[in-house]
Amino acid sequence: MMEEQSSPGGRHVVTAVVNSCKTFVGPVVRFYGSSPPGAIALALLAIVVTIALFANQIAPYDALHTDFTNLKGSPTVSHPMGTDIVGRDVLSRIIVGTRVSLLVAFVSVAMGVGVGFVWGVSTGFIGGKFDLLGQRLLDVLLSFPSLILALLLMIPLGRGLGTVVLAIAVITVPGAARLVRSTALSVTQMAYVDGARAIGASSKRIIVRHVAPQCFAPMMIIATIDLGGAIFTEATLSFLGMGIPPPNPSWGRMIGASLQGMFTPPWWLVIYPGVAITLTVLCFNLVGDGLRDHLDPRLRGKLD
Amino acid sequence: MQTYVIRRLLLTIPTLFGVTVFIFLIMRVLPGDPLASTGDAQRMIILTEEQTAAARKALGLDRPLYIQYLDWVADILKGDLGYSFFRTEEPIREMLQRRAPVSTQIAFFGVIFSWIIGLPVGIIAAMRRNTLLDYVSRVGVTVGMAVPSFWVALTLIIVTVIFFQWKPPIEVAFIWDDPWKSLQQTVPPAAVFAIGGGALIARMSRATLLEVLNEDYIRTARAKGLMNRAVLWRHAFKNAVLPVITLSGLQLAGILSGMVAVERALGIPGLGFALINAIDQRDWMVIQNLVLLFGVIYVFVNLAVDLAYAWIDPRIRYR
Amino acid sequence: MKKISRIQLTMVAVGVAMLLALAAACTETVEVPGETIVVEKEVIKEVMVPGETVVVKEEVVKTVEVPGETVVKEVVKTVEVPGETVVVEKEIVRTVEVEVPVEKLVVEQVEIVKDIGWTPRAPEPNPKYGGTIRLSAPHRMAHFDFHQGAAAYAGQTNIYNNLVYYNQADGLKTIGPDLAMSWDVADGGTTYTFKLRDGVTWHDGMDFSADDVVATFNRIISPPEGLAITATGLFESVESVEATDPLTVRFNLKNPTPWFIELLASDNYSNPAVIYPKRFMEENNFDLREKVAPGTGPFMLNEIRQDEYWDLDANPNYFVPHLPYADGARLLNVIPFCDRGTAVLTGQADFTWNTCGDVIKIALERPDLDAKYATGDIFFMTRGWNIEKKPFDDVRVRRAFHLAFDRDVWTDIYMAGDGKTYPRTTWVPYYDSANALDRDVVLARPGYRSDKTEDIAEARRLMAEAGYADGVEVEYVISTGTSAAPFAAAMQSMLKENLNVTIKLREVDRHEFGEICNSGDFTLGPAHCGITGVPTVDITPAWNNKFVCGAAGNFTRYCNEEFDDIVAKLNVEQDPAKRYDLFRQAEDLLDADPPILLIGGDQVDPMWWKYFKGMALKEREWGQWGRFETAWLDR
């Protein structure tokens, strides 16, 4: 939103920006009230997302540029996180890696949770044999530890950005579907849904107007938590050499490359990408916890 | 309770059936040829079409899919997990049997260590709620849950190799043969898993303990004048910890997930390392059976968790 | 360099006179390649060797001064006097820093032994018996048939024997008898007759005979239906193999093949010429992929734990009675490059054939560990390109790539900064000291020299001439996994900077390389589409397989009639001097019209505990990941 300032009609844009800020500020302040760590993490995440969006502008060097005179260079003022075995700036690679990690996380979770949402709402609302079948399918997907399932899917799919997104989306589906279904199930049995049915509302209308909105909050919570999980899974897959193909920098791959190629990888090649993963996952976890407290007051205080 | 157990047990049958079909379909129907491994890229051996056809026939890959599937399931039920493509020197079953103790031990130690670390931290944090100790432990727990286990493992191994010229044994060591070597092999990865697992236990035990401490009966007990410690142990602790026990299931899931990357980082010859090796070598039969093994273990872990929940919380049985 | 004293000059004069005298006496002498060498001292010696054969040994010692260090080049040739054949053995080029060049020179014991009087043994006196030798190396085998392409990475050939074999005790400088006791070459190099050892038994108790040898090589020369034998092309010149009696085997060749003995002695990972038992082959339909065939070798297979180890026991009936010294061997499977070294470092293995420079550096600093930095390897670093695709269809583009590729930088990355010590090679590999140019000559050639300014300017001119002045985009196939990526990045930057070529990466699974190279579905491809390992020190067999028009391994689709003519001559030429000239012609031609992107030679860096002895790993000039029956543990 902020980058639109340069467009003509500046004043109008500024007003719009101020307005949009206002609409944002309110919920954020309320969110801070219910979960201070979550709000701080949200602020940090905003920074991370900004870094991801403007990675190429922020990065001090081209993440793909190799400086052959400075191989495995230790951290200095010009390269605060050192350089890797072909002389690429580690800081720049971590910054650009942010973009890859977040892209994979957001797209795959959006897909996975989206499918899970539709699955959950429909099975929860329709019920009966359809529900039973849906549940058994979920049981199958839930029968694998998530990373094993992702690995299994990566074997025939082959490596690549798209396939990693797809694999992570698939492992995100069952959790989301199950949670949404249970909410949909309880909403469907509530009195006002019966009421709506009684006054002749169509099933479609009931789903869209009554059931789905009620499932929205749990979906948001699980999506935020899954975002952290998705970053973690992507990093692990890339670490194992099954994830994002080069030359795109990926945090997991940066760690994996130091394992494969060189013994005693200089510490900066291992430590910094790991810190980046930890911090980002941490932020998503905290925001997820905060969001749960915020959106689902029954749970408030329970898991702080 | 009995009907619930029976119902829950019966439910695993369609699940396991679904798991086998799912694995089989992924390995056979999606693109990617199981024969890819029989050529040798380094030596540039390229099989002619006749050779490929002959090899497919020898491996039974030319039969209809459903027959291949039934054959596979029948073999599994007989306990025959087959062989790697051309290597018949060591059956897959033997390899899994050999490596399973290592991974089991890692998982077991991982859970134990998590409890040893997590429970005291959780209890102290709950008892000293909103003190500095509580805040520190909560920060630790939050970080512990976010830190990637393979990264910790890699950092650990680099430190031990550089400073102590030590790394875990690269051959399988059984606890009954060579306990010392076996411990060297299983304790480090278990310790790595205990970071995430311990954080989870600490967080949940703190939460449940706080909840229990707010329950009426605790207040009553206190009102009756019972000592603080007695209240804690006799009433609060018991009720708080039982639900957390079921978390071990969740933790096992985390360990099974993390096992591949951690064993790879530490070079430990367990099932996870076997899986990544098999994937690297396109060893289709090993992948297929190993993933199934992971699936079956996971299904039974879930089953155990569900039964434990039902045992602890009677409401679940009648749902 | 020190001034040459009058006495030394006199000695040189005397030496030269003696050499000339000897040269006249011998049926043939060998010219020493390269004229830029300053001759300092030449020694001629007569050495008596156990057994009946008299070997005349001629040693030529030359020193060359390069700024900063003294490089000593020793060229040692052996000429055998009795008998009608003259066999020229290996030559050794070593780079040694010598303070007083003449006094410190070691007289190398180089000999061709064709006599049973020679038996393999450890170079040290009184080796200790017992213990289990533990080797850390990768062993990824899709199956167990070495002749069908199973890679013998990790010492699995200890189970078998060849007909002839390199001497482990002198650092692989000699080829001596193995299952053959002795051999004769007749008919102008087209008939090789091997006398086999008597009383050799297979591990399963069966007797070894000439039939086994014949069956082994017949399977290679004309593979049964459905089998893909990798070495078939290498043995193309063999017309037939026959057993003239139970202990004599005769190879009839279509044409003289100068590297034939070398081929039979080969035990590098890609082409071990091991002998398999005939009966076992017949029982298994000549397909040995599923089961490990019994051998005659120093160790017997005990058990295999997939992806973990191979456990071998000493063969109590080994035909060399005092070998092996160890009671057994354990071949540990360690795949990551540096982990092979850390397995040694952490005391889990006694030695490894090859590990990364970082660990080697640690080993060299420690008193109880040892390593040999930069042992040559009969392995090339290359990349393949598809000559049927743009832009590589234009010879100017290929020449531009050849010129502009910065070999210094590449080896620096490979060696984590130690690239200057790395083997630099032209098309004729550097370890082939009889035929290769000297390192300093190579380093002065366009394309190979360190100063790239002129080469890059020329390369850019060529690119512009070919119509790519504004650059071009090239797709580059690399393998998945974490190790290929950094090199791909280096390739991208280098070509972008030097030639304005944009490299687009396509990551595929290693297992797909075969299909990709064969089908031509690549523009710039991995080394597998060029050259990787070569079967012999002599490069000609590899050229036959890789560069000749329409050859089976010619994945780049290279076709140059002039080059094919040279190779055809090399295939039959036995005169070393003429071979040397032919190699020079081929080299110039390939530089002008490169069939692949040649990066350089490769090296292996073995590392071992000091108590691990008997292998003379320090003496090795090139690497071989083969048998280690002479190894013993001093503890």
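In order of appearance the chains are A, B and C, and numbering begins at 1 in each one.
Methods note: a residue touches a chain if its C-beta (ideal position, glycine included) is under 8 Å from a C-beta of that chain, and two chains touch if they have at least 3 such contacts.
Just so it is clear, the model here is predicted, and its values are computed rather than measured.
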{"item": "A-C against A-B, pair bridged by the larger set of C-beta contacts", "value": "A-B"}
{"item": "From chain C, the most remote chain by mean C-alpha position", "value": "A"}
{"item": "Geometric centre distance via CA averages, chain C-chain B, whole Å", "value": "46"}
{"item": "Computed distance of Cα centres, chain C from chain A, in Å", "value": "51"}
{"item": "Approximate Å spacing (C-alpha centroids) for the pair chain A, chain B", "value": "24"}
{"item": "Sequence positions of chain C contacting 2 or more other chains", "value": "336, 339, 342, 481, 509"}
{"item": "Shared-contact residues (touching 2 or more other chains) in chain B", "value": "161"}
{"item": "For chain A, residues that touch 2 or more chains besides their own", "value": "158, 242, 259, 263-264"}
{"item": "Parts of chain B lying in touch with chain C, wherever the complex brings them together", "value": "36-48, 50-51, 54, 84-90, 95, 98, 161, 165-167, 169-172, 267, 269, 273-274, 277, 280-282"}
{"item": "Contacting residues of chain C [partner chain A, same complex]", "value": "336-339, 341-342, 355-356, 358-359, 362, 406, 409, 412-413, 416-417, 478, 480-490, 492-494, 505, 507, 509"}
{"item": "Of all residues in chain C, those that touch chain B in their complex", "value": "136, 140-144, 148-151, 226-228, 230, 270, 289-292, 303-309, 332, 334-336, 339, 342-343, 345-348, 481, 509-515, 517-518, 528, 532-533, 553, 555"}
{"item": "Residues of chain B defined as touching chain A within the complex", "value": "11, 14-16, 18-19, 22-23, 26-27, 30-32, 142-143, 145-148, 150-152, 154-155, 158, 161-162, 203, 207, 211, 253-254, 256-258, 260-261, 264-265, 275-276, 279, 287, 291, 294-295, 298-299, 302"}
{"item": "In the complex, chain A residues that touch chain B", "value": "37, 136-137, 139-148, 151-153, 155-158, 228, 232, 235-236, 239-240, 242, 255, 258-259, 263-265, 267, 270-271, 273-274, 277-279, 281-282, 285-286, 302-304"}
